[in-house]
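The two complexes that follow have chain A in common; it is paired with chain B in the first and with chain C in the second.
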Partner chain A sequence: MTVFVCVGSSCHLKGSYEVIELLTKRVKEEHLENQIELKGTFCLGKCGVAGVSIKVDDEIITGVTPKNFDDVFNNHILTKIKG
Partner chain B sequence: MDTRFDTSVQELKYKVLKEIAKGLFNDTLLEEYNEIPQRISPGPKSTMRCCIYKERAIVLERMKLALGGNKDINNVIEVIPIACDECPLGGYEVTNRCRGCIAHRCEKACHRDAIRFDEVKRTAFIDKDKCVNCGMCAKACQYNAIQNYLRPCEQACKVKAISMHEDHSAQINDEKCVQCGACVYQCPFGAIMDKSYIKEAINILKDSDNSNKYPVYAIVAPSIAVQFKGVTLGQVVTGIEKLGFKSVVEAALGADMVSYKEAQELEEKGFLTSSCCPTFVTFIKKYYPELADKISTNLSPMATIAKWIKEHSEKCKIMFIGPCISKKQEIKDEKVSKYVDVTLTFEELQAMIDAKEIDLKSLEESPLDNASYYGRIFARSGGLTDAVKEALKEQGSSFEAKPIVVDGLENCRLALIKAKGGNVDFNFIEGMGCIGGCIGGPCCLTHEVRDKMEVDKYGRESKEKTIQDSIKHFQD
Partner chain C sequence: MINSRYVTEIGYLSFNHVGEELCGDHIEITSPDESTKILVLADGLGSGVKANILSTLTSKMLSSMIAGDISIQECIKCIANTLPVCKVRKVAYSTFSIIKIKDNRYVDIYNFDNPEPFVIHNGKVMDLIYETTIIDNKNIHHTKYEASPYDTFFLMSDGVKYAGVGETLNFGWDMPQIKDFLGLIYRQEASSKALATELANRCNELYNFRPGDDTTVAVVRIRERKQVNVLIGPPTNKEDDEMMLSLFFAKEGTHIVSGGTTGTIVARYLKKDVVLDSSGYLDKDVPPIAFIEGVDLVTEGIITITKVLEYANNYLDKNSEYMNWYYAQDGASLIAQQLFENATDINFFVGCAMNNAHQGEETGINFTTKMHLIDDLADKLKMMGKNVRISYF
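Take a look at the complex of A and B:
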């Protein structure tokens, strides 16, 4: 699975680097290094929405923040891998 | 005159580019092609040349260059022979500062017997048939009364690549040219022009269906911060996106990446010359080849960030927008051509924005924040050096960088001659072909003294304060 995190200007200012750090940490904790590839991307076209945009395979998830990160990870990434 | 530009020559070039861009965007270029000269020089009286027909003929030549120019010439800079006013060559001439002295040192200094004297006024003059322009007389005169009158293009060219063709028009020796673009900016008749690739740019944008079929990225040089007066940078970013780009990315992020690698390479090699400015790199390769192995092996900031984007975004196209003509040559190099598809200048960007009738003033602002303070100040002379010092510090290196910062080819030459001789008190040469660095680039819309401060201000607005913060997620 490839997870793209937007590092474009808008998401950068809204904290995409924090999201990347949380993501890297969770991937390590869950020992998913071999299953999840983390990539950066410039702009997923959702700049107007609050929070950071990420793309899990083909699904774009907007509004990711350090606060809701664990929910996003559990619901959109973990379930997909385990399901 | 349009106050957005420094000179009327720039404005004229812009008008041509705008008409071409308009035709390309609207698919009407073929029908309108022959009308464009008339639109730009409506007449009936000529305003720039001897007659309206010559004026229009020159516009036609400018249009050819706006569409890529002569494909058989590899150089991205070309002379428009009919636009060249064939300025009097002049050479050394005695001015009215000559006091008609008794010593006649000028006469004695001349080995060609070319100095004559007016029998009535007793002042000197030069016999042009005998003079070989050696300049000895000028050095000898204690009143500085003898001056060398060079054509502006020749004066601008610090590598002596410009000479006079048999027909008296200027000609460029492509072997000697390093694409600094000084002649393009300096020629008072606009007779030397950089080739434009707006056709390729607009075709890519149109084929992409405004980045819907594939993403098109604009990488902007940090000097963009000081180009568009009267509007905010955020509005310019929105304007660029409205041209059909998916996203605007700062070349300064590439600069952040480069500064780290450059610092490491400096420590390894012990002596390094910078590789950010393609004119400086070409200058070394052509004129000081014995120092070529000292050139940093890093790609330029533009190519570095473009490489990263290409590796992370399939099928994307990338255009660089900057103040630089040399970057048009740089992307012809096979090491760079796979990463950057088209180079545009700020002049061309302005033309494209206006061709699409995008009113920057009325636009919302879009953010532009990818890089750190240090990446952004690459736009001015000295910025790269500050960044490399910071990079050494951040990497905990004890290596002491002893930089010399040189801008303008004459200063670059001095530093390189010293380096060639060895035994120097510096171990890093930051060289920029343009005076002041990129903010002095030939295709900057304006060249103002305060630009340097504005660049630093733009740098301080960056979210990331250290290079490490800025690039930690981009290292391979």
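Take a look at the complex of A and C:
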């Protein structure tokens, strides 16, 4: 599975760096390094929404923040992998 | 000479006597015509306000008179008759060095009581041979020299020579050590500003960051022109993509694309992919760079350029951020290296499309900010001595 994190101007200002840090940490904790590839991407076209946009395979998830990060990770990434 | 293959590049840096607001050294640069460049470095007696006034007057008068082809004899007489006499020292001048370069080749240097200017030729420090003329009881040294490309001239105030006295060294270093140091750090690709910064920083270190004298280094060198082209933003009308990009890629030199959307358009035009740098964030304040085959550098837009502008402002001031961008590999540093160090001529291709996603957002990114940013950066680059052209689409 590939998880893209938007690092466009808008998402950058809304916290791409933190989201990438959290993602890297969680992936390590869950020992998913071999199953999840993290990549940056330019604008996903959802700048108007608060929070950072990420893309899990073909699904775009908007509004990711350090606060809701664990929920997003559990619901959109973990379930898919374990699914 | 706009059509010449070479250009005369000037860079300088001063550190003030500790505790002084004003520098007693002054640098004046003039260009009476396209093919002539004149730099005067004057060091006023003492430090602070008085020194500043003396050196400013001396360098301004000298540079305008030399630009007007007035003989050095007349210049000196004029200065001696005009400058206020220092009550303490009963003299009325500051020391000075003048370098005049015509056609990137014919060099005249006059020196009065500053450390003797010298040249790095073929990577080696070389002394120049001076003739002495006495004008108005002053020993004026003069040399004529025919420069080759990459000859690099060093002018300095005596603060450089005395760096470290009583701080880190008992008697300061001296000209031979200064020349050895420059022989070590010199590399052909280093700009005049980079060399001036490295020598002045070294002096500041020797002074333990408390300079006991105003310290100024000016570097003048002949270098090859390098063109760098920067594309920022998509054009107002989508139909103009093709035209804007074909003009951009038709330019010789380095090609930088700044902006995510812009990158996507460029990739489509070149029929290549945009690949984000897998190393991700190298500086957490600057979004990662990307790669497109056929483009030298692809970065994010507005945040990266904002950082470049910050570096540009600092470059024109004390250049204290120099070490932060000179070797770093993040997008802003890479652009700074290209624009400040590598480029002599810069073409901006600015697309004026509004990024609807950004307007009225809490991020503070909007169209006006972007336009101001580019104008500001262009101004700073001009102040660095670059030829800058901006085209809007």
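Note that the second predicted complex is superposed on the first by the 83 of 83 C-alpha atoms of A that agree within 3 Å, B and C clash if a C-alpha of one lies under 4 Å from a C-alpha of the other, contacts with A are read in each partner's own complex, and residues count from 1 in each chain.
One rule holds for everything that comes next: a contact is a pair of C-beta atoms (placed from the backbone, for glycine too) under 8 Å apart; a residue touches a chain by one contact, two chains touch by 3 or more.
These figures come from a predicted structure and were not determined experimentally.
S.K.: Just chain B (first), just chain C (second), both, or neither: which does A:40 touch?
M.R.: A:40 contacts both chain B and chain C.
S.K.: Check the residue A:48 against both partner chains and state whether it touches chain B (first), chain C (second), both, or neither.
M.R.: A:48: touches chain C, not chain B.
S.K.: Just to be sure I read the superposition right, which of the two partners does A:12 touch: chain B = first, chain C = second, or both, or neither?
M.R.: Both partners, chain B and chain C.
S.K.: Mind working out whether A:75 is in touch with chain B, chain C, both or neither, as first, second, both or neither?
M.R.: neither
S.K.: I want to verify the contact counts: of chain B and chain C, which reaches more residues of chain A?
M.R.: Partner touching more chain A residues in the overlay: C.
S.K.: In the overlay, answer first, second, both or neither for which of chain B and chain C A:2 touches.
M.R.: neither
S.K.: Across the two complexes, what residues of chain A are contacted by chain B and by chain C?
M.R.: Touching chain B and chain C on chain A: residues 7-10, 12-13, 17, 20, 39-43, 45, 47.
S.K.: Given the complex with chain C, which residues does chain A contribute to the contact?
M.R.: 7-10, 12-14, 16-17, 20, 39-43, 45-48, 50
S.K.: Can you tell me which positions in chain A touch chain B when the two form their complex?
M.R.: 7-10, 12-13, 17, 20, 39-43, 45, 47
S.K.: In the complex, go through chain C and note every residue touching chain A.
M.R.: Touch list, chain C to chain A: 259-261, 263-264, 274, 276-278, 280-281, 284, 287-288, 290, 300-303, 355, 357-358, 361-365.
S.K.: Contact residues on chain B for chain A in the complex?
M.R.: Contact set of chain B toward chain A: 215, 217, 237, 246-250, 309, 312-313, 366-370, 463, 469, 472-474.
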